[in-house]
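To start, the structure itself, in structure tokens.
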């Protein structure tokens, strides 16, 4: 994968919480159209990396460039505008809102946010609304056709798997360049996870230039969908490469199992 | 301005600050364990003061005349009664609303405050009028130039400090305190540690409300007058104090209390012939502080998992 | 509490039924109004006034010669301008109510005069003493049976000067009532020219802590503290004076002439001066008659200082309605020329502003837990001395 | 509400019937004077509502409203006119109705702030007061047209409100609460102690006057004479209609969605491009504008402004209206406003006890129906729209 242009690039990225070092001068390069598995034991800084990239935390040192632009200091909303969207470890949907609303939250940059447009020009607003409805519906249908008929029901009543699906739709609706998946399997059965993954791959089939970084504990998932893995431990990169190679790496096994 | 006058101002400020601090501490305790604002706190104070007054009348009816016995009994009765009231409030109004948005708790306790206040006004004989509160502390005073130090004020100040120190000890040195702090830190972990959550909450409310009763009696002794309205004002100020100090931090509450009193006093000194502006000044500063330190002077540790 | 609510309701129902029973012989019903502070710090005065007005109505209804069956509509102004405007609007807006005896608090009264004028609703003020209520505008709707604060402040200043005091600090609440007292007292004192005012402090009517003001006053070290305001803060200021070791004499106005003041202070009230226009109730022409009938009704609270005036105001309203019938315009016209009309507070004459002239001013001093007339007090005889009294 | 989102439009008539009943009830309640009747009327009303709710009739009503809101909205306006017509000579009843209308406008503003954006505002009464004082000052010292004065009242409230923007934006939850609480107390004290604005005594406000049509004179049309409050009623009703449409459209737009998103989860919202500050400011200013507008109008109606009208306690009344009605639901707000304004007024002859009963009532609602009387339904961008 030498010659591909880097989409996301982190250099010497560090983040400290009080005494705890969550990221320790991390270097990491992700090329376009890759699917990267970001793995490592709990507290090895995977989620922190996502939070730093998406501007929820500011980095203490180092820089992050995305698509050639420096986004180290960029606030969350700017990072999204640049084309990065994410899911969360603990599902963060707005429960009282409808499925459609939740997905539309993810579509902020494609919706006309002008006061005048929204309040006065209701006819054109209606047009935009109907378009958005169609695209959202189409996306949901990929994951679960049943949900597509319940677009205006609150998500609060839905099971975990459906919530995950909607969360992923929310992340995909804005057609991002980079998708950060934070433990999509959390709180789901093995089969559910499988199903979800194939749906994600399906979406990617349609949209070739979608790059994905996935944090996951289910090694089955990692093995199945990633082109390449990056292993973190105590905030530093300890290994990198295809899953097979990584799996046999001594350091990695030590990190995970604590055996030499 | 001569020294004596300064001393006088300082004394006024300290007395106010102490009372504010006592109220603020209550707010902070409740917030600590339940992340809620119990707005009836101020009116619990009122009820406490009136309870003490009734006790006093009762004792007189019994023919007891010793100041110290009177005072002691009044304090005990009022504190215990309010502790019970506090537990009742926690049990029947606050706990049931845990799932509801925080504002509902704020509002329900606020309405409860109205109920308490109105009840005092309506059901205490002539409750609408200011009531004389017995001066049970030795009133002898030393005149130092234009500064006159009254023994009773000094005693009250001391008592207040003692109570706060005692509370500190309770929270930091005892098993109960540990439990309370554990719950305040993280309810779930506390439960897993085998702490009886609701018991801790009830006890905390008991303590907080007891403090309010104490503050109420202090207030009565200081002004030698109580009326059904005292709680509302003290409540709001105590709340502001707890907030600027930083909710959940006892020190913050104390700091906030004295800070607010200080602001009011400074306000009066700065604007001598418009001392009415002192509250405008004080609250303006409060707003400024919130802009400067959005989570209070002593920052509350917010750990948001993302 | 709902229980109490219900009980209240039952009581009310009973009252209404009783009324119906009395009204068996079909006289026309006529509604008249009363407004006063029934809640809040000065509620005793309001309730005393209400009872007195109620007494007037009861006696009238008991009188077989009366043409109409009167019903008293009572509203609470809480002694607050804003509430007063609301209830005044409520009363004046109700065309069934012909006229009203209104307001103990000047701050409330002055805020409402425009309302009464707007709705053409005749009122007789029964307790508020601010001159502007009758004199600021020339509203034919507004009348007043009690005197204004001007005369009482003249008497006040005179006494202070006579007692040989040289320095006075003034505290007044910042409503028109307190400001008025400040204005007229200062004028009167200056006119005599014996004592001078060393400092003036405005305080809000619901203020709790006066340490700040009093500390400054202390540094000014006056012989007298004049207070233009009502009982509640009067009580606070007096007791906090003691806290700060201020020895000055406390000189109040009609606003503190109330049992609540003495209840509120206990022994500290001793030696407080106060002034009120009109003779003490028991010395009024109809005083004995009034007190006897009042007690006969077994009201749970006393008539207080202005009860007799409330009675007189209501009685005059009823007389007028009896004379000209239940019609606001006619009542206004009739009240326009009231001259030397007998009443329990003496002869009533309304000047062109509807103001009754009450020459007599009573000076009070608190002695052994009672408001005693100054001239009969041991302070006048010199048996006791006010702080700093020469 | 509409569980199985049936494709068919819901029936129209349940809404109409409910509306008619409500209108009749309101007229009765306002007309009755005798306490005994009022009490029985109240308990009767409560009983009916409870039974109807138990029979699930209200689901039909709410479905009717969500599908035919435009038509039914028109009917509501007619109903309001009918009530006013019934009391055309009764000053006080009209005043009450006007109060309801204007408080509704104010709470709609509060709703944009707290109900949608989640920005706490415990100084509602203060901004209301700013509006009222604006009209007091401008009407007596300037010759500005009074409709313009209303506008200025709103703008001024928004402007002064923006002084609080920095702390409001930086703080959250209870900390945000204290900012507005402090402001509420500051405002009241300030008005009280400074003489320029009349101090505790307040000020008189000149009545409204549009193109020489003086609102304070009783009107005679044909043989019928109307109370002068009728003038104010018409304008107030127009204000409410405008405010309602504004808030409704706001809710049913991407902006409404943004506000919900930032209320429910700021972090997630900002991860999807939301500029938190921008939308909080928008909501806060729009809200204060509406509150100030209502205040300015109310000042002219009441003819008097005083610091004690705009205390912290009054702000809390406004907030409690929000909770009673069901946060975020404009219809609920109006119902709650009617209750909160009319109830204490009608219970006044139990004078001394009215606050007590009123407080107990709110407690009961919070305990047994915390989501408010009329919970907010899930967002439908266009009433009756079906995929």
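Going by the order they are written in, the chains are A, B, C and D; count residues from 1 in each one.
Operating definition for what follows: a residue touches a chain if its C-beta (ideal position, glycine included) is under 8 Å from a C-beta of that chain, and two chains touch if they have at least 3 such contacts.
The structure presented is a predicted model; accordingly, all values stated were derived computationally and were not measured.
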* Asked: Considering B-D alongside B-C, which chain pair is linked by more C-beta pairs in contact?
  -> B-D
* Structure fact -> Top of the farthest list for subunit D, CA-centroid basis, is A
* To do: Go ahead and note the Å separation of the Cα centroids belonging to subunit B and subunit D.
  => 34
* To do: Quick one: report the Å distance separating subunit A from subunit C, using the average Cα coordinate of each chain.
  => 75
* Structure fact -> dist(centroid_CA(subunit A), centroid_CA(subunit B)) in Å evaluates to 49
* Structure fact -> Check: subunit A positions touching at least 2 other chains come out as 56, 88
* Can you list the residues of subunit B that touch 2 or more other chains? -> 115, 119, 276, 306
* Asked: Which parts of subunit C, given as residue numbers and ranges, touch two or more other chains?
  -> 1, 39, 174, 202, 204
* Which positions of subunit C touch subunit D when the two form their complex? -> 1-2, 4-5, 8-9, 12-13, 16, 38-39, 74-76, 80-83, 85-86, 89-90, 93-94, 107, 110-111, 114-115, 118-119, 173-176, 202, 204-205
* subunit A - residues contacting subunit D, complex -> 54, 56, 75-77, 79-81, 85-86, 88, 92, 94-98, 101, 104-106, 108-109, 111-113, 115, 118-119, 122, 125-126, 129, 133, 137, 150-154, 170, 174
* Asked: What does subunit D use to touch subunit C in their complex?
  -> 34-36, 39, 90-92, 95, 189, 192-193, 195, 199-202, 204, 216, 302-304, 306, 308-309, 348-353, 356-357, 360
* Structure fact -> Contacts from subunit B onto subunit D in the complex sit at residues 31, 37, 93, 96-97, 100-104, 106-108, 110-112, 114-115, 118-119, 122, 236, 239-240, 243-244, 247, 274, 276-277, 279-280, 283-284, 286-288, 290-291, 294-296, 304, 306
* List of subunit D residues in touch with subunit A within their complex -> 5, 246, 249-250, 253-255, 257-258, 260-261, 264-265, 267-275, 282, 378-382, 387
